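In what comes next, chain A is part of two complexes: it sits with chain B in the first one and with chain C in the second one.
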Partner chain A sequence: MPDLIIDNKKIQVAKGTRVIDAAQSAGIYIPRFCYFAELGAVGACRVCAVKFIDGPVEGIEMSCMVEAEDGMVVSTDDAEAVDFRRHVIEWMMMNHPHDCPVCDEGGHCLLQDLTVAGGHGIRRFSGKKRTYADQYLGPLISHEENRCIQCYRCSRFYQEYCGYKDLGVMGIAQRIYFGRYKDGVLENPFSGNLIDICPTGVYTDKPSRYTGRKWDFEQSSGVCTTCSLGCSIRVSARYRQVVRLEAGYSQAVNGAFICDRGRYGFSWVNSEKRPRQGRVDKKTMAPQKAAAAAAGRINDLEKQYGPGAIAVAGSGRSSLEALAAWHHLCQIRSWRGFFFDDLAAGPGAAAAVSGLSRENAVSMKAVESADMILAVGADPLREAPMLALAMRQAWRAGAGVFAIDPRDLEWPFAFRQVSAAADEIPGLVSGMATGNGFFENDSRHGRNMAAIRDQLAQSRSPVIVCGTAAGGQATVSAAAGLVQWLRKSKKDARLFGILPMANTFGGILLNGKPGTPEELIKGMESGQIKALVAAQSDLWKTCQDPDRLDRALRRLEFLCAADCVATELVSRADIVIPVFSVFEAGGIYINQEARAQWSQPAHAGGTPVRITGAGGHPPRVIGAAIPGGGLPPAWLAAWQIAGLAPPDSHEAMMDWMTKAYPVTAPVKTMGSEGVRIFPSQ
Partner chain B sequence: MHPRVLLQNRKPGRIATMDEYRQSGGYQALEKAFVKNDPSPGDIREILLEARLLGRGGAGFPIGKKMATVPEDAPHPRYLVCNADEMEPGTFKDRVLIHADPHQLIEGIVLAARAIEAEIAVIFIRREYENAARILEREIQIARDAGFAGKNILGSGRDCELVVHRSAGRYICGEGTALINALEGKRANPRRPPPYPTTRGLWQLPTEVQNVETLCCVPHVLNNGAQWFQSLALTDSGAGTKVFSVSGKVNNPGCFELPMGVRLSELIEEHAGGMIPGSRFKACMPGGASTRLMPESMYHVRLDYGDMKEKGYRLGTGAVMVFDHKTCLVQVAVNLMTFFARESCGWCTPCREGLPYILDLLNRIEAGQGRAEYIEIIRKMCGHMKYSFCAFAPGAAAPVQGLIENFHEEVTAHIENQRCPFQDGQAGGDNAGSHH
Partner chain C sequence: MRKWVWIVHSLCTGFYTTLKHIFRGPATELYPEYKRPLPARSRARIILTADPDGRERCVACYLCSAACPVDCISMQAAENQQGRRYAAWFRINFGRCIYCGLCEEACPTSAIQLTPSFEHADRDIMKMVAEKADLQVNHCGKDGNYNFYDHAGVADAFRPKGGHANEAPPVNVRTNMP
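And then the complex of A and B:
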């Protein structure tokens, strides 16, 4: 633990901490452009120069390139260092256009901040500015190379961190160019991060262009609900629509980056097609009235056929609050039950949840420190893209990566694959725990499996990644068994399951055995289920046989949908109750490593001005209420549909939930990093 | 007449053959080292250290010291890289050495590789030196056939494979660590030590990078001993000979091998044929483009790493560019800075942006649009170049720093009269600020 002095402050930091980070830990911000913790220090921009007055290093050095050591005395405001940094800014501004007022990065720009902070206001250099031709990089990212200050963050991120080669650096000297060989859509599924890491406006978000300035936006911290990883996001909203998502920082989950699917997968929130009004038999009405009508019909059917005729279908798209409400309501009303869509997409999900414990769980960020990774029946790049990026970091640090999977896998790093059929996987995985000699007779997979086993034997902290879709329950159980066996062999082995949805974990946590979509469809086919409430249900999407589902749905006497998305079930429903989405109501989501996180609402809700204004200018509707506002959160709609008095606030809802489901109690005290909740707790 | 060592076999119009090189004592050191293990690798390193053989590529770092930083237990394969990426303006000694006596270099490389027990030697050669590259490829094969290179050298069981690699073709490729990146197929950006290349260089394996001329000295040092090598120099601190490349306003420009420590005046007057008629010596670059511009007061300086360092100058590559009283030194600085601004690898800000900034101001001064405050801006920026990533930018700033310090009047004359005093054939006029 080195002790050092920075600007007369005594600081103690962990060994290996860079001086630039040591200073920041004491509240001293040293300017930086090229330095980005995830991408490492490279000493290119030279703007973090400080003076080392005493100790093992002396003179002006880059604070990002020097690790803190005992006895260092550092001055960040030494006159020579300040003068040098001022020159660095001036050099950068030689060629940077003076277009801040019209630049999309304006107000959101590190270069702007540091130029102003550094006092560079008057241009001394009277030479010409360098200009470049910009490139078309696809529909998501705008390219404006004139603004580039050559920090190399983009090429380092793109090529080193992500392993994609179609964007990089070309040319030398003042003709350095960051881009592609020729115009074209970026191939990297994480390319949106270029927007976040670029310290100025070379890469800007294309879809959100002309929607406003940073200071115009309502901003909030959210949790990405696109897959089960629960990455942190920063949400910007304006005029009742979500405008832009950026990566939020999470030390445990996603670090500083998110994938493009998460960044750009929010268009449904602002969609014209999204249900925004209650609907009863093709008549529109207020959501509360529609919910009351639904409650009435359900009561009638319950009287006619008994409570066993009523079923609820839901998905891991819902917040924990909504899932808890439905689980509870199904139980107290003695309905047929809550059927969980996610079990169609991930038959192994329940096993992945029950197989996880405080001891064997691993955060995505910690996957980067694994010394060996074995993925069974999992394709992270498709099922949980950021995990593939974490695996790449482990691979870069020397970890061997192996896969047992029937599919043609393409990951941005080298790995060795055993191309076994889905039903072979459980046997192969559990075979590794049964000792030597098992694979020698297997002519097809023997050699590769032996290699995996040998690597596992050598590893100290292996991570077993398992999918819940391809291999099903048997694969997940085998993977969990392997982890258990490895842990008994004194290895710090961890299990990392990939679940189908953002809150699959939550749904299973509340009830270890929710009904499966197969059971639901059978119930409908047999005529035992007469009424179905599709509560944010993706049954149509996850069902393998839509014709069969179509026939089953036609047998229902009543279909009710409560949703924030225009699903097929919504369009078929007799009664529709529109609900607020996570961007308007917030919600708790539990990711695949059992981490419950609170996603803040981004705005108060309502139909986007873009829609209500119908193109008029100014796009205003004068009235007391927010057009399209006042929808119930999904959990509130649940109570309304059940015809019962709901908790009267979100706070009351939380009190109720933590009492009704004691396993969820930790969410009341969770911090910004969330809290881990395991089923056995 | 001073003794000639490195250029003793130089012939007009053709290279020295292997037989000719052997007749002059060539490959004897190699035979002893490989067949009798005398000197052993450790002995070679010690002899080179004792001989005070300094790197001739510009930095003047002792070869023995650098070799000693390869750890005994370092992994294999180890690499020896011969840096023949000669791109320092004014420098052409390496090309002459290769064309004059290629086997001298080949033996030097194999012996230096032996010293660090490297199995693979790469000659990283400037792509414009295609003739030299072909000569080397041909002569390496001849040496290989004779058992002096390749597998199982002279039956010793030890290997040294020689590979000729044509450079990517930029000045920065000659920087030791950028060269390694270029060899790996990456952008030729310098690497920041530690780790030093001798511990983790090419593909993270121990790599010793040495200049052509340095390596050419190695067989002679081993043949004749460290004392002999030291005695070649005219100064106490120096050792060996130096191949000077002289260009500019002299009657007989070219490559001259002279004892280390020879006076600049002797080099110009006795070997380079003196100044051309009608020209007077005003200044010179003593060691290539990235050394400080040296004024006439240094005319009798001894050209030696130690002596010059004491006086605040660098011998660099020993490339002496001579300027006469009719040459505008601002124009010289513009010319050199144009080169450096173009050749910056673009990695760090001071070099990539600062050098063009300085160039812009110099251009304005030369064009008669200079302003008094430009001098201070240039001085400040040149000073800040020492905080850049590698040694390129400080080197690029050196001639300008020399200009501003030693030829201040010439610069101010440009600014005060708003014109270059040397234009319109008025060279050497009173306004030139010449020291004459």
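And then the complex of A and C:
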């Protein structure tokens, strides 16, 4: 544990800590352009120079390249170091274009901040500025190479961290160029992070081009609801519109990056097609009135056919609050039940949730330190992209990666695959736990399976990743069994299940056995279910046979939809109740490792100014109410549709939920990294 | 005795000053019959000026709205067909403006300028809200020479990369010659 002094502060840090990080741990920020904790240090930008006054190193050195040692005395504000940094910045600005006013990075640009902080204002060099031709990098990222300061963050991230080769650094001397060999769409599904890590405006966000400046945005820290990983995101909203999502930092989940699907998969929030007004039989009205009308019709049908004729379909798209409300209301009204779409998208989801315990759960960040990874019926790159990036980091650190999967897998790292058919997988996985000599007779998979078994035997902390979509329940149970067996043989084995939706875990946690969509469709076909409430349901999307679902829906007497997305069910519904999305109402989401996280609302809701103003000046009429605002959150809509008095605030709702479902009690005291909630076993 | 001299002296100077002003003309100017020419830099109604080549000068960088202490400027930037950033809409609420001139100071392109024209009071407050068309003029205002896009370094329909002031032609990445 080296002791050192930085700016007269005594600091003790772990061995191997770099001086730049040691200073940061003491609250002293040393400027940097090239240094990024996840990418490591290269000492390319020279702007983190500090003066080492005493100790094993003396003089001006780069603080990112020197590890903290005993007896070091460091000054970050020594006149010589400050002068050095000032000259470095001035030299970087020599070729930087004069385009801050039209650059989207302006306002949250590291180069801009440090240039101002360093006091550089007027370019003293009178020579010509170097220019570059830009490239087309696809519909998501703009390229403006003139602004580059050669920090190498992008090429390091792209090639070393992600393992894709189509973007990198070219040329020599004054002609260093960061880009592709020729124009084209970036192949890396994590390429959006280039926008975040670029210290200046070489890579900027294309969909939100020119939409606003950082100081005008309403910002909040949210949870990505695109897949089950629950990565941390920074949401920027302006003029009642979600403008941009950026990676948030989470030590336990995603580190500093997010995938492109999460970053760009939010256009439905701002969509003009999104339901924003209540609708009863093609007549628009206030959401509350529509909900009251729905409650009336449900009561009538209940009187006519009994409570068993009413069903609710929901999905893991809903927050924990909404799922709890629906579970509870179905129960107290003795309705037919709550049918969970996610069980069609991931038949193995229930097994993945019940197989998880405090001992065998693993955070995504901890997957990076596994020494062996076996993916069973899982394709992380498609089902949970950030997991593929975590697996690559484990592979870079020397872990062996194996896959048992029938599909053609393409991951950005080397792995060995057993191409077994889906129905073979459970046998192969449980075979590893049951006995030796099992695979020697298997001519097709024997050699590869033996390699996996040997690697497992050598490993100390293996992670078994299992998909819930392709393999189904048997595969997930076999994977959970393998983890159990490995743990019995004194290995720190962990289970990482990939669930279909952001809150699949929450839906199953509240009620171990929600109804499946198959049961729901059968109930509708047989005429037993007369009324269906589609509460943020993706039934149409997850259903394998839309024609059959179409016929089943036609037999219903009443279809009600409460949703924030214009789904097929919304367009067919007799009554539509628009609800706030996670960006407006917030919500608790439980990810696949049982981590409950609170996603903050980003703005107060309402129809985007872009829509109310039709692209031009917004309407001049100003009133107390927000146009298109005042929609109920999904949990509130649930109570309204059931015709019961709802808890009168979100706080009251939380109180109610933690009492009605004691398993959720920890959410009341959770911190910024959330809290892990396991089903009581 | 000294006291009396002081009293008489004070009275006389006071009456003398009054007497002197009786024979002078009035200093008050009669507005609106007479409108005094104001200095070019006096601060009143805001305009959006044009580039020396007649094109739109404002690049909708949001700096004026950020500098505005009373939040009376709002806008939305967009990209036009020539590849230039411009304001899709731009609104100044003169009912709220305090004519401090910070927007003009913040403007990197000399687009937004305050003019001496102060006569735009109105009884209807909605008439105090000026939209982009109400603000735009077809001259350069006080800054007759500056053209942001001569120096910006971003390519658009009028200038390619390397075609701006003091710029070298784009680098050829594919050569290894020194």
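Simple rule for what comes next: the second predicted complex is superposed on the first by the 672 of 681 C-alpha atoms of A that agree within 3 Å, B and C clash if a C-alpha of one lies under 4 Å from a C-alpha of the other, contacts with A are read in each partner's own complex, and residues count from 1 in each chain.
Simple rule for what comes next: a contact is a pair of C-beta atoms (placed from the backbone, for glycine too) under 8 Å apart; a residue touches a chain by one contact, two chains touch by 3 or more.
This one's a predicted model, so the numbers in the text were calculated from it and none came from an experiment.
By the document's definition of touching, of the two partners only chain B reaches A:Met65; chain C does not.
Applying the stated contact rule after C-alpha superposition, one finds that A:His87 touches chain B and leaves chain C untouched.
By the touch criterion defined above, A:Gly43 reaches chain B but does not reach chain C.
With both complexes superposed, C is the one of chain B and chain C in contact with more chain A residues. In the overlay built on the shared chain, the residue A:Met670 is in contact with neither chain B nor chain C.
In the superposition on chain A, contact of A:Arg209 is made with chain C only, not with chain B.
When both complexes are overlaid on chain A, the residue A:Ala173 reaches chain B and chain C alike.
Of the two partner chains placed by superposition, A:Ile5 touches none, neither chain B nor chain C. Comparing the two interfaces of chain A, the one with chain B and the one with chain C have residues 126-127, 171-175 in common. Across the complex, chain B is touched by residues 43-47, 49, 60, 65, 83-84, 87-88, 91-92, 94-95, 124-127, 149-150, 152, 169, 171-176 of chain A.
Considering their complex, residues 97-102, 106-107, 126-134, 144, 146, 170-175, 177, 209-213, 215-216, 239, 609-610, 613, 615-618, 620 of chain A touch chain C.
Chain contact summary for the complex, chain B toward chain A: residues 170, 172, 187, 192, 341-350, 352-354, 356-357, 360, 377, 380-381, 384, 387-389.
Across the complex, chain A is touched by residues 59-63, 65-66, 76-79, 84-85, 88-89, 91, 108-109, 126, 129, 131-132, 148, 151-155, 161-162, 166-173, 175-176, 178 of chain C.
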